[in-house]
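Presented below are the structures under discussion, each in the form of structure tokens.
Here subunit A shows up in two complexes: once beside subunit B, once beside subunit C.
Moving on to the complex of A and B:
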């Protein structure tokens, strides 16, 4: 099955482009074009797709982690990372997919190829627990900093709640950026971090 | 039935001094002032906050009940309205805002999410803000209509009316 992708390159041409890097079409994707590559070739493939004259995939839409733990009849590695790409030049799309083994859950970071990958990879690390090697600031994005585990893994009990006792100011990146822009940051960020917060401590009842 | 004048010696100031005096209890006056000038702090995190805006705006007009002065500083507000989903990441923030409000203060939990977590029965959502702060009035609905917000305020006014300084002092709450 080779669905034509208009008006950019046809699927066959894109597959031919990735073939030297070991790119194989993922037949499970019946509507779009998904190509599997090895994680060793991931950065090479993304660079080719971004800069290739006929490809010009200039947008990385997301970085999705997939856990195939409970997927029926699945014999491949447990995890996968998928990179949906879009070209605003040719308006064609392609998804790059990398399979990752459970005992070595790591892929190279692509934050220097696509700026959008920075936070997308942080989210993927936070929710699925994929390690992105070379990421400048691989910390949780959605869950709080006291969270243990990765909630979108299929073996995480989805109703297991984790309380946060100390707030996270979350503006470390902003502070760094302001300093880089030449602003003089007089004080540390309005730090609620470090202050003891009685989030779930005993409280006085309001009389009614 | 014949008219019988009240004896002038009766110990009621209205009788001897005329309309210049009204006798009442301190609780009644204080509660009257508090209930009719609630200053809400909206903690709006989801669609319930849109309904809150509807309640404040001219069509439903909460100023008919004296609660139109919306404050965005907890130090200036005495009514905390949580309108929307609260996650565990936000929980310390909400608790901090509640702690920063001065007594007397009241809390309205608006909508399914603030009351019970709503349909977010998952790892990240607080299953009801009463896990973090005390709540006076709950509003049902997803989201509740502005009329429901108004009814919550009227209910809360009724509760404020029944408060007493002595009781608050006994509970250790500043009167």
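Moving on to the complex of A and C:
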């Protein structure tokens, strides 16, 4: 792994690689290379990019949801999910982009292809409301678990406030992890957190 | 909670919250762990306690107004965030920065990297009980903050760059002070290395603790010193050079096993490499213009504004409306102290960013952290957390 980085594929070669999967260049990215694929081909495309001998995009850097609701003259589906990729072997980068219709806001999860996708997809669900099908634990990440709505959607008001009171016991996640590690849970676990604040007295209404 | 272990033994696991307000989390991070005696059977992590809605807030203002927000990402090296965002925005404009601006940014980047590593390692050693090192590291760090203060008026939240240049030029004597502080930091590093490098207690507490192998680190999306500690020699300054990094003489530092010891040592030796870059950059710092001459970005001189109608309009539009990158979207990144700091910017051609997605380097490290804890001792929870350098400001945004 300590070998110097090798020159990567040019944009044309990467496009040719993805062409059989219906990948087309997104002209909005005039600085790097962004390729649009259908969501049905997303997992296929990512597998090809990750395992292809001269591609080796072995790092998924982020999962970025975009809401185009108020983008001027936008005619495509409302949402998009971008997957910036890079390689630790070759000097090339690529962003894969999937467009998502508003009435079916779902994308297949890729948590099994890239470990980094697990939490990144949770953040994307939390912030933009994209549903990642097949995700093992699609919980909110940055926002409180009682939060309603998705703040990075353009129709979420910037100044909106929500009252959130009960913290996440997380016992469900811990139990699931223990089971995954081969433990057999014999007794229903007791939540050590997650008690509603009302047990410590009523929540005071704040005047704003 | 009563469980049957994989080997058939029935035990009562104790569930415990470590954080969000715990001295060793250095911020607001929560680990919820099930303990078998002193061993962590399993752990899960939670984040978001410092979530301020960075990405929503920056959509409400202009591009230049994003800069003060970027200060609050990794607050241990604010200037790197300033420069990272400006570099991404400048790439959209397609402007070339003047030589002096680029060299000055390299000095600020590397000094920021040095103080970031000082904080990370200093605090990590405190978590292991080695308080002395903390004082050895915080005095030189304080001297760097004095330079920051003289440079831009702020210690922590610097907002030192502007899209297309810098806030202002350096003060007289800046170069000498930088060279002096670099020596002080190097001396402190040597002293601390002398205290820990062959220290039996330190080695026992960090060797083979919190280990992450190369394949795991790559798949988890790790970058920066943590990835290099796992033996993967990847550094954006070498692999995709920007700001002329390919012309500086420095080495990347890599580890072998990816344990806490390697991560501490990679940072230690990176401080020395950064010192080499700072010395070379200071020698290259020549007088010249600081801001690019592009009218879309830089204000015209006052003299022009008072005597030329076009310049007056230009100045007015830049101040009242701000800069307008061409429509489109792009991902750009720099090698920050923690790893790859990326910005995905979507522009609709207007004065406000349509969407900015920050790719904070410690996000992927924190996501992988709970799994690293499986089977380790409770006392190692703190030491391995310190070594992956989670900064809640950039983690939660």
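One rule holds for everything that comes next: the second predicted complex is superposed on the first by the 165 of 208 C-alpha atoms of A that agree within 3 Å, B and C clash if a C-alpha of one lies under 4 Å from a C-alpha of the other, contacts with A are read in each partner's own complex, and residues count from 1 in each chain.
The criterion applied here is as follows: a residue touches a chain if its C-beta (ideal position, glycine included) is under 8 Å from a C-beta of that chain, and two chains touch if they have at least 3 such contacts.
The shown structure was predicted, so the numbers you read here are calculated from the model rather than taken from an experiment.
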| item | value |
| --- | --- |
| First, second, both or neither for A:143, with subunit B first and subunit C second | both |
| Contacts of A:62 with subunit B and subunit C, given as first, second, both or neither | second |
| Partner chain in contact with A:162 - subunit B first, subunit C second, else both or neither | first |
| Touching partner for A:115 - first (subunit B), second (subunit C), both, neither | second |
| Between subunit B and subunit C, more extensive residue contact with subunit A | C |
| Set of subunit A residues, in rising order, touched by both subunit B and subunit C | 142-144, 151, 156, 158, 168, 192 |
| Complex contact set, residues of subunit A against subunit C | 1-5, 26, 28-32, 34, 58-62, 64, 66-67, 71-72, 82, 84, 88, 91, 93, 95, 114-116, 118-120, 123, 127, 140-144, 151-152, 156, 158, 168, 170-171, 173-175, 177-178, 181-190, 192-193 |
| Interfacial residue positions of subunit A with respect to subunit B in the complex | 142-144, 151, 156, 158-168, 192, 197-200, 203-208 |
| Subunit C - residues contacting subunit A, complex | 1-6, 10, 13, 15-17, 32-34, 41-44, 46-48, 51, 53, 55-57, 59-60, 91-92, 214, 216, 218-221, 223, 231-234, 238-240, 254, 326-333, 340, 342, 344, 346, 348-349, 354-355, 357, 359, 363-364, 366-368, 370, 374, 396-397 |
| Subunit A partner contacts - residues on subunit B that touch it in the complex | 88-89, 91-93, 95-96, 99, 104-107, 121-127, 131-134, 136, 159-160, 162-164, 167-168, 171-173 |
